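As written, the chain order gives the labels A, B, C, D and E, with residue 1 at the start of each chain.
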Amino acid sequence: MLEVRDLTKSFDGFVAVSGVTFGVPRGAISAIIGPNGAGKTTLFNLITGHLRPDRGHVTLNGRDVTHVAPHDLCRLGVGRSFQRTNIFPRLTVFENVQAAFICHRGGGWNLLAAGDGVHRDETAALLESVGLAGRAGEVAGFLSHGGQKQLELGLALALEPEILLLDEPTAGMSAAETRESIRLIERIVRERGLTLLFTEHDMEVVFSIAQRLTVLHQGRVIADGAPDEVRRDTEVRRVYLGERH
Amino acid sequence: MRRVPWAPLALVAALLVPAAGSRFYTFVANDVVIWALFATSLNLLVGYSGLVSFGHAAYFGIGAYTTGLLMKKAALPFLLAFPAAGVLAGAFALLFGVFCVRLTRIYFAMLTLAFAQFLYTVAYKWRDLTGGSDGIACVPKTALFWGGPSLATPRAFYFVVAVSLIGVNVRRYELAAFVLAGAFAGLAGGLFGIFNRGVFPDFAYWTKSSEVLIMTLLGGMGTFYGPTVGALALILLNQQITSYTEYWPFVLGSILVALLFGFPGGLAGAAIVLWARARGRLRSA
Amino acid sequence: MAAPILAVADLHTAYGLSRVLFGVSLEVAAGECVCLLGRNGVGKTTTMRSIMGLTTPARGRITWRGADITGWPAYRVAQAGLGFVPEDRRIFADLTVWENLDVAAKQRSRLAPRTGHPRPEPASPSPLQWTGERVFDLFPRLRDLAGRQGGFLSGGEQQMLTIARTLMGNPELLLLDEPSEGLAPLVVDHLRDQIAQLKREGLTILLAEQNTEFSLALADRVYVLEKGAIRFSGPAARLRDDETLRHDLLAL
Amino acid sequence: MPDPSFVFAQSISGLTAAMFLFLIASGLSLIFGVLRVLNFAHGTFYMLGAYAAYQLVQWLGVGPGRFWLAALGAAAAVAALGGLIERVLFRHLYGKEELYQLLFTYALVLVLSDSAKMVWGTQQKSVSRPPELTGSFSVFGATIPSYNLLILLLGPAIALAFWFVLQRTRVGRFIRAAALDRETLGALGVNVSALYTWVFVLASFLGGLGGALISPMRATTPGMDTEVIVEAFVVVVIGGLGSFWGTFLGALIYGQVLSFGILLFPRFSIFAVFALMAAVLIVRPWGLLGRPLR
Amino acid sequence: QKPIKVGMPIPLSGPPALFGDPASKGAMMFVEETNAKGGVLGRKLELLVRDSKADANEAVRQARELILKDNVDFLVGTLTSAEGPAVSVVAKESKIVFIAPIPKTDQLTAPDKLHPYIFRTAANTTIEGRSAAEIVAKWPVTRVATMSFDYAYGQDVTRAFVEHLKKIKPSVQIVDQQWPKLGEQDYNPFINAQMAKKPEAIFSSIWGGFFVTYSKQAKALGVFDTVKYNFIGVGEAATPETTKSMGADYPVGIWGNSYDAFYWGETAAHRDYTARLSKYLKDEYPSSWAIQGYTGMQFLVEAIKKANSTDSDKVAKALLGLTIETPIGPQTIREKDHQANRGQLYGKTAMDPKYPFPIMKPVTYVDPTKFMD
């Protein structure tokens, strides 16, 4: 469904992503892993149009979307979350998710409509499933670190994407919250036939849900395949996993 | 909590002022009510949407020039010229608002200021239309219809003003709020031009914007009656203090500093706090 | 347990009207590694911020080496020998990696004059002084990045920089808030070994961490927080060994 | 085709105006950049600088070197006043809503300028050009007063000094870090509140110095503060609020637009300035060289 | 008996306070002197001064308050050309005599604005512009340039100057006109642009503290040398206040004007007035603006005496064609446009060993009667 061909990006001579090629099949859960600074976030930014690649192409459902702006991509069904949280800190948790629904489904221009009522039920349901139902009225900027990560996941889901890119979705979440989030993600993937691509440094998460792994190192793909294969790859063990995983 | 019916009470109290008879206080009341309308329109924006406009006087000025010019040069009656003030100011607010509301916080304040200064300069320089720095003196006596009853007596005029004020209870939404705020500021300006019997470029100058901001703050931002209280307080203060000293800016500045540190909620906020405290004491007693 | 160098007694902290901590008490002895555990939003960060003077507690007392530091501004707490690694990294985005480190290096700068309150004399001066070289040894990746702007670093690189930056202040007590977040498994392992090494060298550590394996490997003692209060305290070994207890406290 | 020596003279006068405005606007921009407060009262510090310079010249008398002494003394006095105001009042405003900050600084304008009126009255005051610099040069057929030349050189000098301090010294690093994240810097052991005071003192010094240095070329009158603050706002908005080189660039653009604007559209050059400001705000609200605020 | 109350809205803050403040003191001196002599019609005078902040609607607000709350019988005051007409509307509405002693705009008494209660005892823009033209016409120059603020007063006085000059000396050519905005602080670009047109003489209407700023910058750029001091500054560019504040920096050798000058002393009445004012203001070189307030009050009081009443309608009638002896000479309010034939003092500035600042020397009163129209 999503294909990346020969994607390359450098900053002032420093090559962050170089010649990356891989594909994500529809309905699959794939993960990109790799050491810090390998270029995962940069790759995400290239795919979602936040950065312009020096070279290479991104195709979505056969259509070239290399130079499409982020908000247009969003309308084409690509949703994402950020490694560092990206929420509306002054709005309440409820309003955050509601705003995402309004942006996505429209209704934003109907200024005089009583805004409070729009997408009320969907918002409540979504908050319930990301475990924030009890905090709906709190100001988002005042949530704890983990709480903000939960909210951000909620925002990405509210955009009802076809393909979802998550950058370290469970970093900072406690074990319990992590488990709930994984369950939620799996359920939504199953129910909506969503395609998921994510990065993560928590190997338990990666190995429990990913069906495919792509390993990046110094901007290049060094391994690509089923989790078990990748886990056994000596190069991957050497640069990333270490001996214990 | 039992709700006090403030709105009808305020209306009744407001209507009593001219009935009480003093021509001077009717004038003051007019002044207060017009500024209250102006401040309320600003509050619509600041209080409800959190956007601080530093150029709100622009719309006040547009409204004032609109009625002033229509009544003086086109000899239109008040009933046509007055709504035109609101419409034209609203139209300008829409035009500027499209750009402004995309910005946040300080940039929003700056862009509104830039637009306002722009309009001020137009008013100042376009002497053929606006009379330049001399403004338009002698806005004609106000006739409600052609040949209809005169609104020139401050009393009759006052009712119109008071009624327009009560009608401002509108809801938020940024661009809509911006346009509505602009339109109401325009109406206030239209009334003020007539009341003042003259329109001057100063109406759109940034110091006017800050004056009305101070009123809003003084009364209490975000509360519906705050700006009205603020307008009343500031005008009465001004009137009292200027007859004693020429150092009014000093006094105003000091009051403002005290207010910002002591009662950030404004007079309305202070009243609420005092009220809560008094009730608390009553209850604990 | 040895005499505590940090003692927190009956700490109550609120953000505006919303109360977060309800009487947290804890102690940390010199050279010890103590870990705060708990689900998201229970108040781990708030406890650390209160100790650091970044959030003023409504009630309670914080004692550091016998001196009451409750209500001190953060910079004095830092000058007194506490170092804080915030969970959200807070890199100075416009400064280069090297400048980020330099800002934190402890020299008496002329702009931070003494405030009249003498800094409590450390009982045993920290044996090792941190320098740029030493933190680069700890995180070799940072050495290559020294000239890059902080804001351009990847998430994990920023995490390394945050830890390194705090170390540059030569703290005697290190408050680590989720140090392993966003780090690659190999780096986490390396960090764990390094922290263990620091501990052996006499550094005292208070750690908040979601990675239980990481924290239990390091901690001597553990406090488990729940809804702003201490639910459990005891030696780390008890949690390590007792799976039902772990499940009970941390839903693991 | 206009006479080249005239074009030269015109660009020099634009440049002089730019360097002078830079002197004022850099303080404004510094305060905004670090303290995140848009200080309306900065223009009033400028006015106080001019009055203080006048007063000191009265006391010191005219003579070689006296003016410079007076100018420095005036700037120092204004800096001290700035420090006092920061310590007593300003610091309670950090992190509050912009509206409160704006209104507070506006209140300061009212109080300070009215106080100046109580002290110095409404009569305009005037300071002579220092005897060392009463002459003028003729370059390419254009007359350049030597005093203007001084301002012309002072601007870049201050810019360079600023750049050096900000980029190359530890204090500068503290200042840049404080602009980004005050709390974290404090937790690293830096007394940010003292740092803020010093930044404020420095900015007030620059404002006061601007006023003192301009006094030989302008009358010192009530109201000169609001006049200049609007110009300084335009400059920092064009260049980028809080951006140091942005302020420099903004001042350069402003000076040239005014200088040549009066030739292109004689009575409407002031529109050109506002149009430019509005355009910048619409297209790049954070200014040409600034960066967006979070 | 109740005093006769006179209300005076006038700027006491902002840049025009420079003029408003001494003018109000001049009026006050007159009131005190009159009261010391027993008042008018056996009643004391009471002057209520209010700060109009140089803002038209504030002036209106103050005027209304004075009329409605303080029950004043007359208004004397206002300064800017926005305030004057604005308060005039209030005076008309309230049927109260209003004497404007300072505003110059022709609009104040233009046919469509004129009403029975408004009178002006200041020179208007026509008088001022034409007086300057009379002087410039005598200079051996043909290339003339103008420098004025781009607002009503600047435009009007410049137009009056240009039109009259062309009429009395058709050979004159206006080679350049610069219009800095009101309150401009940096004249360098305007001066450069103007000098590039090589004028032989310059007319300026930049006033007050702004003239100080302008002339400093012009002097540094060598303007006065280049035009060989063929320079005339109206807008009271040569008042003792201005020359005093600049001292030796003042461009000596140019022409300027002033409503009054303590050193004029042509008549005994003026010498006496100056001595009294000097004592009253405790100033060795008393302000030249005081006389505006003084004569404004003087006209009012003479009219009250003539009408033998404080009724505004009667006093207004009495003012028509009234001639009084002011410290600066006899003056008459014309019936036609309620305008006094007030001229100004003009002269070429020069240092005088008696004073530490330049004065106009010789200084002459230019009587406008013959070119008022």
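The definition used in the following text is that contacts are C-beta pairs under 8 Å (C-beta built on N, C-alpha and C of every residue); 3 or more make two chains touch, one makes a residue touch a chain.
Predicted, not measured: the structure shown is a model, and the values here were computed from it.
Among the remaining chains, none touches chain A as well as chain B. Counting hops only between chains that touch, chain C reaches chain E in a minimum of 2.
Chain centres here are means of the Cα atoms, and by that rule the chain farthest away from chain B is C. Comparing each chain's Cα centroid with the centroid of every protein Cα atom identifies chain D as the most central. Greatest Cα centroid separation from chain D: this falls to A.
A straight line joining the Cα centres of chain A and chain E is 75 Å long.
Distance between chain B and chain E, defined via averaged C-alpha coordinates, is recorded as 35 Å. The distance from the centre of chain B to the centre of chain D, with each centre set as the mean of the Cα atoms, comes to 33 Å.
Averaged C-alpha coordinates give centres for chain A and chain D that are 47 Å from one another. Touching two or more other chains at once is no residue of chain A. The residues of chain C never reach two or more other chains; the list is empty.
Among all residues of chain B, those that touch two or more other chains are 125, 247, 249. For chain D in complex with chain C, the touching residues are 170-171, 173-174, 176-177, 180-181, 183-195, 198. Interface residues of chain D, counted against chain B in their complex, comprise 38, 89, 92-93, 96, 98-100, 102-104, 106-111, 113-115, 117-118, 226, 230, 233, 237, 241, 267-268, 270-271, 274-275, 277-278, 281-282, 285-286, 293.
Contacts from chain E toward chain D in the complex involve residues 13-15, 17-18, 21, 150, 178-179, 181, 183, 185-186, 188-190, 192-193, 196, 208-210, 212-213, 216-217, 220-222, 241-242, 245-249.
For chain D in complex with chain E, the touching residues are 2-3, 6, 9-10, 13-14, 16-17, 20, 114, 117, 122-126, 128-129, 136, 142-143, 145, 147-148, 216-224, 227-228, 258-260, 262-263, 266-267, 270. Contact residues on chain B toward chain E in their complex (touch as defined above): 22-24, 27-28, 31, 124-125, 127, 131-135, 137-138, 192, 196-198, 200, 202-203, 239, 242-243, 246-249.
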